[in-house]
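These notes open a run of structures that come right after.
Below are two complexes that have chain A in common, paired first with chain B and then with chain C.
Presenting the complex of A and B:
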């Protein structure tokens, strides 16, 4: 029988294009120390450390948990490294949560990061592989055709993507840690930005960020900290094959199955009504309407209508990415954990200017690869 | 039993399979290399992928030289409909640990664990340098053989071992490997003859180094009714822990392995007689350090498979230790075994798994 698990501390760096004021160790330590302070704990209170990041080639440091053990106070403790593509920040939090819910540890520190300025993610994504189609253009080039297919399938008008881009950047103005603070953002500014991968314009894509996220997870009898705990109500991962003609990359089965699993665990039957907010991995603007449908917040084909209606805006009935989301900060390996962390902040009431009033139950989602890897959790202010 | 005040849910190593370990497998890609191993690990016990509830794998992108090497490898399993699945950028022994943690919660009863890697694709010694501190150590490009030589030298200087002891480990390991059909390097050469080898990096002679190996391995874990249904003699994991040390080599006593000793304590190695130990010691001298840290005496059969000196497929060599130890118990040759895996330069990170035969 699984034990209850709660988020009792959160920390994140100021995300920037280049954090050349810190090493990789300094970056992860900055987020970890903040999470420990929030939990009112010190390094010695932690039983184990779980770290995650996207491909090691993004920094050129192989299996970096080996180098980062002392920086994260892990010497003499179990230290675990997760890597599940773009969903890794979420998966890392889930592995850490299972160490608590299995009863093995009382307090686990989990950290995720990327220091993109130490290398070049676009290069690292584009290394030619035998017998595989080259990805040369990076993630945006991979996803643009899926977005066009979504537009054709749903009949969505072309300005929906721009609406998401504006909404998330306006939200980021309320988040002091966000990488992008574009005070003058509006539809015209997005429309005037250069076309990268049709139909995605520059301002409809995520930035490249340096940054880290950290959380302290605890068992029920080890709860401490400055804010009430965020209880984990459900957690799930799903993967589907890369090379399978039966995949629907616009509305992936793995995403639907993963959400069905966490909703079942959390007792959620109507996500739009029961969740107070959600942090969902939207690295390119159009993924908001696509994931609205995939996550069951509306019927198939209606995602763009929800976005257009303002329902997902900060003052809408179901705010998505009140933090500004991946479109405003993208330290790749940490981006998924930031989603999980931000919903914990919301239900703990510690989100400051981007706090959604009275948030009690929220969904965090991360995806990765070519939309074949998903990780999700549901957190709430009440005990499950 | 774990030192933690917690009832450990019995989980069994229900099946184990490994590829033929070879110097260079350049006729198959990672998926093609894995597929027969996955088929065998299921086929051993007559199950399919639909009988496992969770999948976890271990690999590193730095062997294939491209990002997301695990993504395509998953096609060797065929995850349609979608499956609950995770990956660690660590040896498969840690992937097995993640699956074991999930099984502890009692929500699921079976998991597939696999790992793979072709060490032949690049210059392994240089690649492993990238595990070091990227600002202060890696730019000097100390290679893994030289770092291990520093450790061996420290061991000799401490008076705990001699070069003849290293040769004895290598001689015994590769002689034992003669009875392991999956091994890569197996021979019967006396230690005195081995000591005539030239130094690669003093005090390490050629025979003290692991081979460079391409290979893959897989394990099925089972709990509850599945554990007893899938095996006449379940092999239970009765203790499991892993620990890490600092990356700074100058801050460590390289002649000891405190992280192994701590993991062994938490896993409860000393709680009973150990019949067999499968130790992941890529360099001969490291077996001596690890045997001491694990508290093993002369009565323990160490590395009857030949160990990492007979085949060292990076990312799988640790998982294979668990599989080999489990097979000794399943065959009745042992009742209680210890399996060990390591990661990082000079044994920085270590995992210890205690296995016991069921009634």
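Presenting the complex of A and C:
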């Protein structure tokens, strides 16, 4: 990286099933204003705005960045739109970070959102096409067979998914912005919830949320704000085709390549030991053990053992999704940025009740589409 | 005088159905696949570099970046590599729930595709199950996957895990 880049402000909405008190413009503005206040800046200090969301078909607003420019103070400034399906929040942050690290801009506002109550994601993800049977049943229908394949390949017992579902919802109780606050969550409650896409139950899937996330990224000589900056130590994106012979859908090559790149940049050779925590895109419970393996936190086939041992719990040696993660809040377009934002909060020491003690180096990961888009960054409290 | 419109508060949400009509141009490779379906056959293509057979073929091998030119006629039988049972209703759904959505690897193909599995209770489906395509009546065949009514067990013993584990 040519210039050092840091997160100097973060903001997020209270994620909810239905934010009918605001329009989409009001939603993104709410998160952006918080991020500016955290950075101790005003709209006029921002050089450019980078915005991302999941497919436009969801809310039916095509190219919404055009309509949102005034709400984000972007009139007369460069404004970029990013779109990489569910990983978009992460990719959006990376595009913004590149604008800083390349020396083009000093301060960039980056925002991501979804207003699921204005949309029908299940329908938008299940549009019939002439060369495919009309079988698609949302994201759950796509991922459930791959989860079954992971269970078969690894020999994981069936309760591992329920453990993740409980762990992340318990973490969410510490996060005031989380959508789900299920005080009574336990294994029995998950097991008793409706089977939606066998083997996936209702409480092993993410909710549908309205919400937005925003960050202000700055060059080293433009750092300001209420908390110490979170320095970007590495960033990478990778993608692969959704369908090719020999594709490993459980452990995608693009994810392995992306983490190898970001670890190399950040000097990470042992992720479990060197990271203090991680925020990883886990929209369905089983993606925790699957991504533990894909991200090299353990050997192949051992992801579920790490989950079972409690290592990824809030009091474990490598807490995953201390915020409650995607399983507790899923404003789709913002979900990836929330992973990136939450690890910045951790290394800045501003995560409140879900602060991981002494967090200095952390990994944020997002994935999207049919596990074909990956984006990751490593942030730290020390300068790279 | 009371104003009825203001008494009801602001409008917060307005449902406006949207639709998207589009022409789909399948191109040479997918046309072969779709024309095959019109005759009640599965047609794929083999990559000249890696030898893998794609069905449906998009006309090139994503791994090797070369056009796939050798046409391959596949049989009617295959193996369920993995599956899920869909039990969630949603707008526009055309199949009665619960239904089995299976990844089916046709014999001789190197890539599975999603297929509907019927004529078996949803709690009896297994990974490795051998299945066959059931086609619509000859007069109803069209260049579309709608020509395949569904897949059903063909009675053969389950395939060994080792024979399809590379396709998960």
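Please note the rule applied: the second predicted complex is superposed on the first by the 378 of 384 C-alpha atoms of A that agree within 3 Å, B and C clash if a C-alpha of one lies under 4 Å from a C-alpha of the other, contacts with A are read in each partner's own complex, and residues count from 1 in each chain.
Quick note on the criterion: a residue touches a chain if its C-beta (ideal position, glycine included) is under 8 Å from a C-beta of that chain, and two chains touch if they have at least 3 such contacts.
These figures come from a predicted structure and were not determined experimentally.
Contacts of A:250 after superposition: chain C is touched, whereas chain B is not reached. Once chain A of one complex is fitted onto chain A of the other, the partner contacts of A:196 are limited to chain C, with no touch recorded for chain B.
In the superposition on chain A, A:148 makes contact with chain C only, not with chain B. Of the two partner chains, neither chain B nor chain C is touched by A:294. After overlaying the two complexes on the shared chain, residue contacts for A:74 are found with chain B alone; chain C is out of touch.
Residue contacts after overlaying the shared chain place A:61 against chain B, while chain C stays out of touching range.
Ranking chain B and chain C by residues of chain A touched puts B first.
Within the superposed three-chain model, A:259 lies out of touch with both chain B and chain C [touch as defined at top].
After overlaying the two complexes on the shared chain, residue contacts for A:98 are found with chain B alone; chain C is out of touch. Look at A:369: by the touch rule set out above, it reaches chain B but stays clear of chain C. Residues 57, 60, 118, 127-132, 241, 243-244, 246 of chain A lie in contact with chain B in one complex and with chain C in the other. Across the complex, chain B is touched by residues 1-2, 23-24, 54-63, 65-70, 74-85, 91, 94-95, 98-99, 101-104, 118, 124-125, 127-132, 236-244, 246, 252-254, 257-258, 261, 369, 372-373 of chain A.
In the complex of the two chains, the chain B residues touching chain A come out as 2, 4, 6, 29, 55, 60-62, 64-68, 70-72, 74-75, 78-90, 94, 97-98, 101-102, 104-107, 127-128, 130-135, 138, 241-248, 258-259, 262, 343-345, 348-349. Note for the complex: chain C touches chain A at residues 12-13, 16, 18, 20, 24, 26, 30, 33-34, 47, 50, 52-54, 56, 61-63, 81-88, 90-95, 98-99, 101-103, 110-111, 113-116, 122, 127, 143-145, 148, 161, 165-166, 168.
Within the complex formed with chain C, the residues of chain A that make contact are 20-21, 57, 60, 117-118, 120, 122-123, 126-138, 140-141, 144-146, 148-149, 152-153, 194-200, 241, 243-250.
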